[in-house]
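The chains carry the letters A, B, C and D, assigned in the order they are written, with residues numbered from 1 in each.
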Amino acid sequence: MAISLQLALAAIAVMLCAGALAFAAGARASRINDLYFLLLGASGTLALTAGLGGLMASTPPATTLPFGLPWLPWHVRLDALSGFFLLLIGLVSIAVALFGPSYVRGLAHGRDPLSVLGGFTGLFVAGMLTVVLADDAFLFMVAWELMSVASYFLVAFQHEQAANRRAALLYLLMAHIGGLCILLGFGVLAAFGHGFDFDSLRNALPPTPWTTVAFALAFIGFGMKAGLVPLHAWLPEAHPAAPSHISALMSGVMLKVAVYGFIRFVFDLNGDLHWGWGVAVLTIGSASALMGALFAVVQTDLKRLLAYSSVENVGIVFIGLGLSLVFLSTGHRLLGVIALVAALYHALNHALFKSLLFLGAGAVLHSSHERDLEHMGGLLRRMPWTGLFFLIGCLSIAALPPFNGFVSEWLTFQSALQAWQLDSGVLRSLLPIAVAILALTGALTAAAFVKVYGVAFLGRARSRRIRRAREVSLGMRAAQAWLAVLCLLLGVLPMPVVALIDAVPRQLLGIGLAQATRHGWLWLTPVAPATASYAAPLILLCLAFAWWLVRMLLGRARLRRPRRSDAWDCGFAPPDARMQYSATAFAQPIRRVFGVLFRIDESIQNDSGTSRYRLQIADRAWESFYVPVARAVQAASRRVTWLQSGSIRVYLGWSLATLLILLWVIS
Amino acid sequence: MTLMHLSLTEQSVFVLAALVLLSSFALLAQTRLLSAVHAFAWQGALVAAVTALMASAGDEPHLYLSAALTLTLKALLIPWMLHRLIRRLALERHVETVRRPAVITLAGAAIVVFCYWVVLPIARLELAATRNILAISLSVVLLGLLMMVARRQAVSQVIGFMSMENGLFLAAAAATGGMPLVVELGVAFDVLVAAVLFGVFFLQIRDSIDSLDVDRLNRLTETDTTTVPGTEARP
Amino acid sequence: MIALLVAVFTPALGAALLAVLPNLTLAGWLNVALAATSVGGAVTLAVEILNSGALTAHGFHIDAFNIYLVVLTAFIGLTTAIFSRPYMSHVCQSGRVSRTHMRLYHAMFQGFMFTMLVALTTNNLGVLWVAVEGATLATVLLVSLYRTPEAVEAAWKYFILCGVGIAQALFGTVLVYFAAQHALPDPSAGLTWTTLHAHAAQLHPTVMSIAFVFLLVGYGTKVGLVPLHNWLPDAHSEGPTPMSAVLSGLLLNIGLYAIVRLKMLTDGALAQGTNPHLAGQLMMGFGLLSFVVAGLFLHRQRDIKRMFSYSSIEHMGLMTFAFGIGGPLATFGALLHMLVHSLTKSAIFVTVGHATHVAGTQAIDHIRGLIRTQPAVGWGLLIGVVAISGFPPFGVFTSEFLLLSATMQYWPWLTPILLTGLVIAFAGLFRHLQPMVYGAAPIEQRAVRANMLPVALHLGLVLWLGLAIPGFLSRWLDQATQLIAGSHLL
Amino acid sequence: MTLLPWLLTLLQAALFAAAAPLLVGWIKKVKARLQNRRGPPLLQVYRELWKLLGKEAVMAHTASPVFRAAPYVVFSATWLVAAVIPLVASHLPSAAMADVIVLVGLLALARFVLALAGMDIGTTFGGMGSSREMLVSGLAEPALLMVVFTLTMSAHTTNLASVMDYIAGAGLLLRPSFLFALGALVLVAVAETGRIPIDNPAAHLELTMIHEAMVLEYSGINLGLMEWAAQIKLMIYGTLIANVFFPWGIASELTPVALLIGVMAITIKLALLAIALAVTETVLAKMRLFRAPLFLNVAFLLALLGLLSHVILEVGA
């Protein structure tokens, strides 16, 4: 067993210990708060180191643990794919460990014991780490469901609000359904293999229709967890309900674990790939990206908006995976690798900037107890550091150069632009449409985050709570700084990152992305230099140069401080904070243009002279997917009650009838 | 194999079995509780007689014991207990209205035919004497069940239940030549305890609903009010 | 052998003793002590069996299959007795039962344990029947212990329906005996299970299939298979909670145990026939129906104990289905599921007992915010339901995993139904559970003195089984699997 | 030897920035002529710019660092795009720095910061402008990407210089796909640069403004930079249309003669384009805001048709 695997197991053990410690501390959990987050940080560092080790190692270390079924001990293995996701979990865990101590202290005055929060956080992180390391279906499922259940308790942590309870229930239900689908998917493979360890599943090679069945089950299962449309509706309910550092872990990391599961299942275990799967993934991915972005634009609750944006970003990751499937299955292995690398890169990026944004939202929540954008404004002056880091998060998520979000989207575009190499005309015209949707998504995301940043951090404070907001503690700022710096680094220096990720396709598919790194650390050339290239460091340098040049040349203006004055008031009364453009107003044009896709309930109430405008935007996924199922179950359960009518004579009649029917059946 | 090839004992077993079946129908049709108890006692006696005949035919001494047990329990003790209970509960004059008696009788007949059909493959085994006794006893069991379905009176239900047990005893005695002794004793003990408990329950039921009409025992049901999905009732 | 006698007859002795013992405090403790003795005997017996193989003597037959149920039964008897002592004294103080009835309760508790243990250990199908009927008789008065109209009604239904069911089982037993008489060299041994099993192939297939129908309907009533289940929710909800715990945790198992034993015979008899898997298919049909219907029923519950009794039906359906599938994997899974379900469900009923005392009602709508009022009870209930819903790392997940993979292997097209059923049941349980444990608590709810030791013990065991099945247990279950399914899994 | 191309790049970037106001001035002049006015002198734009760059800036009290940094970011990013686009010569070293998607990204960066700046002061108009700008650009971006796709399908590259090489090398081919793509790109360019019928650069009624509403609070050097950046952006789109679809004349070698031809070619092409723009702006009126999506839908449809006609008609060609 290599040292990297030992480190990874140690990370899990540390997290379990931390959880146990929190449970054991009970009512005194707030006293061990710092120690707890120290352990989380240690676990994150261990995972990070182990992940790097996994990415570097040439042969993946594996071992078994003395748990599980008698004939199926827990297998663990640390290959490049696991390593990559360990790295991702580690990076975010460290940030959360920095962020947590002061943030959780703010929750200590609530009625909900911190021991519960700490204990289940420990189980949650340990579950995620274990999922990534698992090398047999049984351990995978155990860890997977552990992750779901532990996060359920975290979502339900502040359970006095009915909305949180509802979100938690929905979340657990969806997680359960998804988990069962995955289990079934493994079952299909196992039925053709000789066991549940991944090696047997890999060698199972079921006949064609069955691989598609397995794929479909895995897609539904993992897609549900990842929050793909149309099964996403639980996600924007559940993620914001948890405390913010948990939201960061859920949106930033847990969704990636679902992506991991999908890659592991489809690319690694499920034998030959089929181009139809790629089209399915591409379609669903595009739909998720678009719907996520659209719904993000119209939200006014900051954390909900971020959650919808997670749907969008997971959609982008799946677009990448879909492209990869299409290319791999049609024999364009190199292009498939580019798309896969793009998807992985985006997964990592999303983990970083979404955690950053959730932590930023947490910081705002911590210092002002406000989640509603309509009450915010002018936070940048009150929380300059948080404002700066949040801006970096916004720029990254809006996929703007030279930040990290852009690199992964660029890579996705690059692989899609090679669609001309495909033989099938249908695919050739389908891929560009998917990518056009990706472009639309990018623009909508930009709109959403202009709105968020503009309404929350710029302008003037719209409420007293916000006016009283103050910058948060050093630890919370450090957590955001850590992620913000990573966002920038990953955007400016994509080459080393791609070189690192490259280990994943090399181990998984046997082919790397050598040409992308051939032209030095400065140039990113996924296909060939003549086709496309991107020199992020140069771009940053040139931007800085241009800035410097402008200031130098126009130096005479530079020396003068700008004169301050009131804002222009159109010749009327001076503008006050309530006259600012609100978040709802900002989204109105987009809401109107894409009105078909929302369920908008708009009304003006006139009572006693004052008019009140009411706007409700509902997700159509509810009425078309969730409600009918709930109704059907309800109707069925009403149907069966005639079995329990209360009359003993009827019951005896059942007995008699059953007997007669059975006798008739066997005769 | 026709009747002529059978011994006289076996022939009389058939006759008695047929009478048991008849008594089952009598029970089904009887609306007065006391008369039903009497019919039930006769049925018990007939079963005991069958058992005794089998004992004599098969030379199995422990069947005599079984016959004696049946006679004591089914023909004497339990009818006596029921009789006493009926008096205590003042139900001597109770006449139960059974809806659609003709339908029930027809259903009973159909059940007999069905039982015959079910047991046919077994009867083809040509295992002396036993052949259609099994069908008869099965019919008695199911007719007892049918009686429980048809009757609303708790006491009638109990009689139906006991008549099912008669069918079982008949099957055990006629078809298999008696169960092992320990089982017989155990079964008898259970039946006795059950009879006692029934008595206890009649009193409890009357105390709680002032009647012995089982249709009024309908508080525990799932059918009425509904819960609305997704609502959490009160805080 | 001594251990066997200790294990089985201690409760019989106890029943007699407790019936006449006037001191209730002492009776409560004696109840615990007797149950502990029985557990001691059972464990010793288990060690003996593990070391020296099956034991057949004096009308008893102990093999790997029933010894594990014996230990389980005795163990749950013990933990329930521990729970029942303070619980029933609370009930007694609140004036819901009289002192005489308390004596009856204690005596019948032990009497029930006795019948259970006899049913498990006997080698004679007739005695098995007598014991199962005895179990009904022992518990029927306990169901009506509170003497409310509902309780009396529930008890009457329980009595009549189980009585009718069990009568059908007796007819089936008679048929088996009938078949045996024409197949066995010694007809008088026609109800001895070991002999029957050895000569199963000679039994007449038609007779055995008819017999099996009667036995399935008969014992199936006890198991609570839909549509024969109607007594079960009534009896569980109206009886005292310790009774619900043992009914759900044990009585249902015994019914299933009997069915499985008889399936083994029927399979042997039908092996050469046109449809050798008839028995299994019937069980699968019943199991699946029960599973799905019970899951739907869960959505409409208003009474907390009733809800969990439907959950029991659901799980019994699952086990019946799994035993019906046959094969080593499914059988192993079903045996494991029996174990973990009993442990979890009795733990849940214990918690529910406390919860009803906390809230002063069994109505789901009126139990709110348990975690606030009494965190131990609230969390106990929540964790218990998480466990019973099949979430890892609890053992129910392990067994359901095995069952699902077995279904996948043999009947792949049934798995969607199974999954739908699981999800429906889970949703039904949780939608009612969550408001009860979470949220703000009504002011009139007060914490009660609760003994959570049995709950912790059971859930701890279930957790352990979920993480790793200890070697001796897996060997043990494997032997039982070999016995039932005909081949080893390991 | 490697220094010379870089020097040329710098020179071209400077030329781009310097020529942008001239293009705007030319459009204004042509427009005025079309409206039977004499119009301002051609160099008037430079004078205004010079005046603004020298004036003292006034800022609202509520302005944040974002507001102060925005003009520089917007200008730098736009100028960087200009530096990468082949204007006179196609094979400059800067071309490898960023392909066309990066250029779109840089323009998006400029727009993002601009929109933030619009919201910074907390007035109603700034937010309104930002909101509309994000809508219009959101709808324009997919169409633009589809155009890029159509080109890439044929040229197999996203590197602008390579695309131009390909098109120039293929000779005069009538490709339906390019025809549609050209149409789409023109529509996108109109929308993105805030020209009639989407936005009116000369508008001074706040309720109808998009771009002007966002920069309403700017003054002095800041406003100057913003205006200049907008002018460069207009020229960027012009150059794109001119050089990508009609690459003839662009210098493919770095010889003085070729470069001279290149300068003349681009001047003529841009002048012609500007006339075309002026004509349309004179003929058309500004649309209501909610007609803009319709307009951009047409762009998207054209781009899509371009792509499909490539797949259907030109495969193997």
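Just so it is clear, contacts are C-beta pairs under 8 Å (C-beta built on N, C-alpha and C of every residue); 3 or more make two chains touch, one makes a residue touch a chain.
Quick caveat, the model's predicted, so the values are computed rather than measured.
Visitor: Quickly list, by label, the chains bordering both chain A and chain D.
Guide: none
Visitor: With contacts counted as C-beta pairs, which pair of chains has the highest total?
Guide: A-D
Visitor: Relative to the centroid of every protein C-alpha atom displayed, which chain's own C-alpha centroid is closest?
Guide: Central chain: A.
Visitor: Between chain B and chain D, what distance separates the C-alpha centroids? Give it in angstrom.
Guide: For chain B versus chain D, the centre distance works out to 97 Å.
Visitor: Just give me the whole-number Å value for how far the CA centre of chain A lies from that of chain B.
Guide: Chain A and chain B have C-alpha centres separated by 67 Å.
Visitor: How many angstrom between the C-alpha centroids of chain C and chain A?
Guide: Going by mean C-alpha positions, chain A sits 43 Å from chain C.
Visitor: From the C-alpha centre of chain C to that of chain D, how far is it in Å?
Guide: Here chain C and chain D have centroids separated by 77 Å.
Visitor: Could you say which residues in chain B touch two or more other chains, in rising order?
Guide: 118, 121, 145, 148, 157, 214, 217-220, 222, 226, 230, 232
Visitor: What positions in chain A touch 2 or more of the other chains?
Guide: Those would be 162, 165, 634, 638, 641, 643-644, 648, 652, 655, 659, 663.
Visitor: Mind pulling the residue numbers of chain C that touch at least two other chains?
Guide: Residues 156-157, 160, 164, 168, 210, 233, 297, 299-300, 431, 434-435, 439-440.
Visitor: Could you please write down every pair of chains that are in touch?
Guide: All chain pairs meeting the touch criterion are A-B, A-C, A-D, B-C.
Visitor: Where on chain A does chain B make contact in their complex?
Guide: 162, 165-166, 630-631, 634, 638, 641-649, 652-653, 655-656, 659-660, 663-664, 667
Visitor: Enumerate the contact residues on chain C facing chain B in the complex.
Guide: 59, 124, 126-127, 129-130, 133-134, 137, 140-141, 144, 147-150, 152-157, 159-160, 163-164, 167-168, 170-171, 174-175, 177-178, 181-182, 187-188, 190-191, 204, 206-207, 210, 233-234, 237-238, 297, 299-300, 302, 364-366, 368, 431, 434-435, 439-440, 442
Visitor: Spell out the residues on chain A that touch chain D in their complex, using ranges where they run on.
Guide: Against chain D, chain A makes touches at 377-378, 380-381, 391, 395, 398-401, 406, 410, 413-414, 417, 419-420, 425, 428-429, 432-433, 435-440, 442-444, 446-447, 449-451, 453-455, 457-460, 523, 529-535, 538-539, 542-543, 546-547, 550-551, 554, 556-557, 560, 562-568, 570, 575, 577, 579-582, 585-590, 592-593.
Visitor: Using the touch definition from the top, list the residues of chain B that touch chain C in their complex.
Guide: The touching residues are 118-119, 121-122, 125, 127, 130, 134, 137-138, 141, 145, 148, 154, 157, 161, 164-165, 167-168, 171-172, 175-177, 179-180, 182-183, 186-187, 189-190, 193-194, 197-198, 200-201, 204-205, 207-209, 214, 217-220, 222, 226-227, 230, 232-235.
Visitor: Quick check: in the complex, which residue numbers of chain D touch chain A?
Guide: Where chain D meets chain A, its residues are 53-68, 72-73, 75-77, 79-80, 83, 96-99, 101-102, 105-106, 108-109, 111-112, 115-116, 118-124, 126-128, 130-132, 134-135, 137-146, 148-149, 152-154, 156-159, 162, 206, 216-217, 220-222, 225, 289-290, 293, 300, 303-304, 307-308, 311-312, 315.
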